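Labels run A, B, C, D, E, F and G following the written order; every chain starts at residue 1.
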Amino acid sequence: WKWPWQQQKSNVVSIQGSTTNLPITQKAAEDYMKVNKDIEISVRGGGSGVGIAGIIDGACDIGNSSRAIKSKEIMNARAKGVNPHETVIARDGMAIVVHPSNSLKNITVDQIQAIYTGQIKRWSQLGGADEPIVVVSRDTSSGTYEVFNELVLKGSKLRTDCIMTVSNREVAETVKNTNGAIGYVGLAFLSDGLNTVTVEGITASNATINNKTYKLARELYVYTNGPPAGNAKAFIDYILSEAGQKIVADVGYVPLR
Amino acid sequence: MSEEPKITVRNFNAYYSGKMALKDVNIDIPENKIMAMIGPSGCGKSTFLRSLNRMNDLIEGFTVTGGMMIDGKNIYDKDVDVTKLRRNVGMVFQKPNPFPKTIFENIAYGLKINKLCKSRDELSGKVEESLKEAGLWEEVKDELNKSAFALSGGQQQRLCIARAMVVRPEIILMDEPTASLDPISTAKIEELIQELKKSYTIVIVTHNMQQAARVADRTAFFMLGEMVEYSDTSVMFTKPEKKITEEYITGRFG
Amino acid sequence: MSEEPKITVRNFNAYYSGKMALKDVNIDIPENKIMAMIGPSGCGKSTFLRSLNRMNDLIEGFTVTGGMMIDGKNIYDKDVDVTKLRRNVGMVFQKPNPFPKTIFENIAYGLKINKLCKSRDELSGKVEESLKEAGLWEEVKDELNKSAFALSGGQQQRLCIARAMVVRPEIILMDEPTASLDPISTAKIEELIQELKKSYTIVIVTHNMQQAARVADRTAFFMLGEMVEYSDTSVMFTKPEKKITEEYITGRFG
Amino acid sequence: MERHFDEELKALKKNILNMASMVDELTGRAIKALKERDEALAEEVEKADEVVDLLEIEIDKQCLDLMARRQPLAIDLRFITSVMKINNDLERIGDLATTIAHKSRILLKYPPLKPLIDIPRMADMVREMIKESVNALVERDSVKAMKIIEMDNEVDSLYVQVFREILTYMMENNENIKSGIELILIAKYIERMADHVTNIAEDIVYMIEGKTIKHGFETIDRAGGA
Amino acid sequence: MERHFDEELKALKKNILNMASMVDELTGRAIKALKERDEALAEEVEKADEVVDLLEIEIDKQCLDLMARRQPLAIDLRFITSVMKINNDLERIGDLATTIAHKSRILLKYPPLKPLIDIPRMADMVREMIKESVNALVERDSVKAMKIIEMDNEVDSLYVQVFREILTYMMENNENIKSGIELILIAKYIERMADHVTNIAEDIVYMIEGKTIKHGFETIDRAGGA
Amino acid sequence: MEITGNKKGKREFQQSLGFVALQMCLLAVIISLGVLLVFIFVKGIGVINPDFFIKFPEDGMSSGGIFPAILGTLLLSLVAVFFAVPMGVLTAVWLVEYSTSYKMVRILRIGINSLAGVPSIVFGLFGLAFFVKFMGFGPSLLSGGLSLGVLILPTVIRTSEEALLTVPVSFKEASLGLGATRWETVYRIILPNSISGILTGIILSVGRAAGETAPILMTGATFFTMRLPNSLFSEVMALPYHIYALMTEGTHPNQLAIAYGTAVVLMMLVLVINSIAIYIRIMARRARQW
Amino acid sequence: MGIKDKGMRKNFIERMLGPIASMSLVFLLGIALTLIITGMPAFREVGVLKFIFGNEWRPTFDPPYFGIWPLIVASFIVTFGAILFAVPIGVASAIYTAEIASPGVRETIKPVMELLASIPSVVFGFFGIVFISPILQKVLGLPTGLNGLNAAIILGLMAVPTVASITEDAISAVSKDLRNASYALGANKWETIVKTVVPAAKSGIFTAVILGVSRAMGETMTVLMAAGGARGVPSSIFVPMRPMTATIAGEMGEAVIGSTHYHALFAIGFVLFAINVIFNLAAEYVKKGGNK
């Protein structure tokens, strides 16, 4: 049953979800619409959960997510006759960053885990100055954290005094402003004033991420109801195209190729 | 009082949320006379007055029993249209309360609301007439379009009286109409009230015994919700029947 | 009036931002007497009163010329401490204005501000004393810790009088102290005022001629900022000297 | 400002003037009955007193009413209290006229002592005084009122003259004693009437000027004096 | 509630009682002077009148003052206006006492007509009436006041008796005419005094009951009647 | 009577001390708020130029203007106002003039007050559930505006109520006493005389609506679109969301400056609207004489 | 006199008033119901006591913990801190503007403060991160400036205009009579302010505080950004913490719709709403007491 005003707009592609994906989709939409003037693409954030929920509810054509869909969500979708379809559009690596005053050069995944679970509390334990480690993390519900949780924490509990932030930029700003801080951000957010640390001796770069030698890498997804079709497919194809992947690189993420 | 009284109150009781405020009041008010009500604070004077145009209907929990007849018709009957009643029973309040409009619009309000005028000319005519009746015309005729707030307190009160009169009520109720005025304005209003009884039946509440003495034909003395004494004003103030009345009016009470 | 008057006013003029409000007022007020001021609205009664404790200093643009002497000392001299002056010249206002505190605290306020008490006992003693003087003690002695707002209007006004008295002023100024009260409360306050003149010199402004007639020993009639007549009260109200006074008090004026 | 009160005061004034002219007329008729030995007229006068009495009560009530209802001050108060007193005096004059009428009926029992000239003259003077006092009241003329007080002296000396004359008649003839006494009393009554009018005049002066001239005092009751 | 006004009313009452007792005393002394042919006493009485006059003015002023300053109503108003009238009557009684004293000095010129018995009795009755009226006023007792009005009748009949008796003396002896007339006038004065006291009593009744009993009317002036 | 004395006593000293303390507090407030303003302006003023107001965002929002966002915020606010004002004012009228149970009004008032303290995101979720999904408006100008409308509804109701209550009862009684019906009284007397208060409330609410992110996040504001809205069902960009997104997830360094610049624009917008409110308030207070 | 009823005079809008009012009340009720209904499953699944007093908030952990006690404590600390900061300063500056400052200053400061009340909260949040937090860190020698104090200061800053503006109204509304009474007793201006004006305005000041506090309590983005977001039960105001509103705003977008996490966020909203109701009831009660 539908309200009389509910209409299907054929030339509109509506995208919502992950804030991580936002810069890519936004720029892609901008460029895409310059060429395809009859197509209207609207890009909204909200978070990965909202993106996937949008697909399940039919509230959008494309759902952005920086994490993989969860089984519960798949079940929900199926119950509603929706068949979520996943497409990877880009990769991202989480760089470990510390305050520029920190002399730390390299860190192991175990050490990171120890820091984030609270076993290591002072930099001196890692051979640094005798000051407390200020641990900065993304919020536990963000896609970024999901990945960090999977790759680093591996199911152990995050320490409770960890600073939780809502965005990558905040992580960056916080680490910049805090002497003893350590944090993880997407590659796009690396900037002056941050000291990037190698993980297990490997520097995060497009190459190390694409070939998975860099331990802390993740993928960015878009979801559609069933395999992409029509305008949505055209747009996703555009992102996956040469031009699209260039945008990915421009924005600061890791292109698939 | 050979003729039929204008207002007849019979076994009238009034309650605020069940608390009795008027007890078994019986009173006849003759037409074209001024009746004054006096009594200590809280004795129910205002309650009585506001029952006469059912203004108290607005107060939650206010109930009455007994009858209040105007021209023989009980105003608390089911088939009474309260707005019509209020149009016929004008009211003037303690503090002058002109609307924040022009002098003209203040008077015209009642006429417009009640659709009493067919033309603009008729409207102006009636406004002028009632201002004359209220003895205000000479003072304001050149500034009918000025805000009513520009008038002095006494003028405002006369404006309010004119406003009440213009819809031609038959009864005018006044609740301490000069309480907030200086003595000169008060004197003017009192003079006006005495003029008005030629055309209206007037019921006035006043704290000022002397005022009741000055303006009223008959005076009722209330206490604790009961009507203690109701006599001709001159009798009331020279030789009241009840001892308690005497004590009250000579200031021995309380 | 053989003895030195308590208050001597000489060629006193007062201006609000240059606009004259009092013109060349000369008046002697004897000690332990009640002087009443009457006159049409805006004639400068309040201005005169508020000049006596320099309350008008708080109004921007208020200036005076001429002298106002209390016990021979001009209160507009440079070396006068206004807060001390105000402590010695108590004031009671038109509307009862108790502080939103307990009854006790209301009275104690002036004592505390002026550090007039050394001990808690002394404080209670003085509070009790002044409440007794104001004829309020019996009514409130068991509820000194209740809010002053719980009192009736008349009681509040007596509380304000007690509050003014407790700091032992020598003069008490009252600006229409009963304007907002019912007749019974008014009567009580008038009685109190007449009691008080045993210990204080009292200046009272009133719109109510009858009140001036009732309470005052001497009455001054003001008009347009000038003092028109100043006589013994009984002379003033039975055979005033000036025609204009006669017209005013018989209500022929205006 | 024209006050409603003024109308009531006017009504009161009208009543008191009415009272005065009734009393004046009564006096005239009583003396006429005496002079012309007219029994019927005398009886009429005696009856008319009731009307005066009623009017007196009416005026008294009116004054009290005004005092209760209007809280008069200054001139208004003085006017009303004066009217109260004047009323009282007028009523007494009315009483005296009745008494004269009564006496004149008694005198019918005796032969006339002599043609009456001075007694009617006294009465005329009193009536003149009443009229003048009415004028003084209406015109608020204290000078006129003061003149009345002087007229009283004339009445007094006329009384002494009448007294002496009648006394002579009485001494001459024992028969005359009874009627003589009555005549002297009548003269005395007229003299009293004049006294009452004098009181009225004093009240009028007080009303107008606000000062007491009674008993020959001119009291100084201004506090400071103007 | 005890009012300040009550004190002023008390002062007024005290003054009027004072006035009454002064007048009472004056009457007594005048009669004494008459009876005992005491010229000095008579002269004293004549002079004392001035004091009464002053007190009358004082009381009158007081009443006016109270009326102006207190806006009395009901009982207070009736009290004050009654006092005004009583005051007036008392002053007249005082005047009459003075006149009696004056007459008694004139009588000294003639030999005594007869030992005076009834005239002093009349005077005593009047004094009794004055005293009773004072009591009635103090006790607010209208019954007492009504009794005074009855006493007046006794005085009246006594007067008729005195008149007849003296008339007889006058008829018997021409010599007695002059003194006889004076005595009759004195008796008449005392009778007048009684009339004044009657007026006072009527005023007291009015004050207490609020109804007029003057001139034998009991006016019905209640609107509906209780 | 002793009335002379030195004026530099202990009490006067106490007074001076107190005044200084108060002044310090005010200064602290002014300085901190001033610093905040300066902070925003310094960081944002660089991007502000005429183009910024009239152009579309370009290059992944790292340059160009914010015209669609300005327009969107205006439209969203308009929808919110057109929804919340009649509704809120009439509700207030009903509460003040018509409802018959004082107790109920009191309970409602507490409820409404409490809603004012509920985080705005809850209103967004409500809008999502009710307007976007249940009513089928989809994510749109309409849904977003209505969600904002519901957000400011409590404020409008409360301020209107207060404004209605400031109309002296005596006016009401006078009108009823002349035989006016309740509605005539409301319409001719009460509303005209409380309109200034109501307007102040409305315009302040608009300020609030214009500055809120959360309620529109899921109901109608889009992070980016090239199209200007052409119907109530279009999605729109909005200033606060623009600021939010750029500040939190922008990857380009210039975006932060744009965020601050947008904040400056938003403040200017709110200032303009508020200044109308303040002006009206001053005028209304000056005109009010009762 | 014709007073008989000849049919009701009621027009369309008047007839619509009731329905419109009910509709808007339904909307508001809808909000409350949204909270209750959507939050209910969380209460059911977690248990009310465990939900409120549970010590750990790990909604995405496996197995998840839904204890909001740390969030409640954080909310209180931050709100209380904000009050401590905003109330004295807000009230003091209001007193100064209302009583001491010249009319010109007064007419300028008030609107400026009101303008500040509508700056978007993200901006405040960012200000907290990049401006205040480093200062706090240096001045207090803390490991991080993102903590309760930082949030409290910023919330306080946000609440100051509300508190000050409404307090100023309340103080200006104190009748002249009271001031006059005090002056007439020989009090000077300071004594009059402290002993008379402020006590007299206390009910109004209380309202100002309540509204300021409501603003602080309902604020999301600012606390989300400035408080640090750590989820342990905070030991002091100087450690990072995570108030309730921050949790709702931060996690709502990412929560899996229909999951316990999702419901729990609504349940937090409901708890917040309940606290607000209690708060307002208390305020109503105190206000009524103050007017007596």
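For the reader, a short list of remarks on this structure follows.
Note that a contact is a pair of C-beta atoms (placed from the backbone, for glycine too) under 8 Å apart; a residue touches a chain by one contact, two chains touch by 3 or more.
The structure presented is a predicted model; accordingly, all values stated were derived computationally and were not measured.
Of all chain pairs in this entry, the one linked by the most C-beta contacts is F-G.
Chain centres here are C-alpha means, and the one lying farthest from subunit E is A. Taking each chain's centre as the average of its CA atoms, subunit A and subunit E sit 122 Å apart. The centroid of the Cα atoms in subunit A and the matching centroid in subunit D are 123 Å apart. The distance from the centre of subunit D to the centre of subunit G, with each centre set as the mean of the Cα atoms, comes to 91 Å. Separating the centre of subunit C from that of subunit D, both taken as means of CA atoms, is a distance of 51 Å.
Residue numbers of subunit A whose C-beta contacts span two or more other chains: 19, 45-46, 50, 166, 170.
Among the residues of subunit D, those in touch with two or more other chains are 1, 3, 5, 64, 68, 71-74, 77-78, 221. Within subunit F, the positions touching two or more other chains are listed as 11, 181, 217-218, 247-248.
For subunit C in complex with subunit F, the residues that touch the partner chain are 70-71, 73, 75, 77, 79-81, 83-85, 88, 170.
The residues of subunit B lying in touch with subunit C in their complex are 40-41, 182-184, 187-188, 207-210, 251, 253-254. Residues 1, 3-5, 64-65, 68-71 of subunit E touch subunit C in their complex. Residues of subunit F that touch subunit A in their complex: 57-61, 132-133, 135-139, 217-218, 221-227, 233, 235, 241, 245, 247-253, 256. Residue ranges of subunit B in contact with subunit F, taken from their complex: 53, 55, 58, 60, 83-84, 86-88, 90-91, 93, 95, 97-100, 109-110, 113-114, 147, 149, 160, 163-164, 167.
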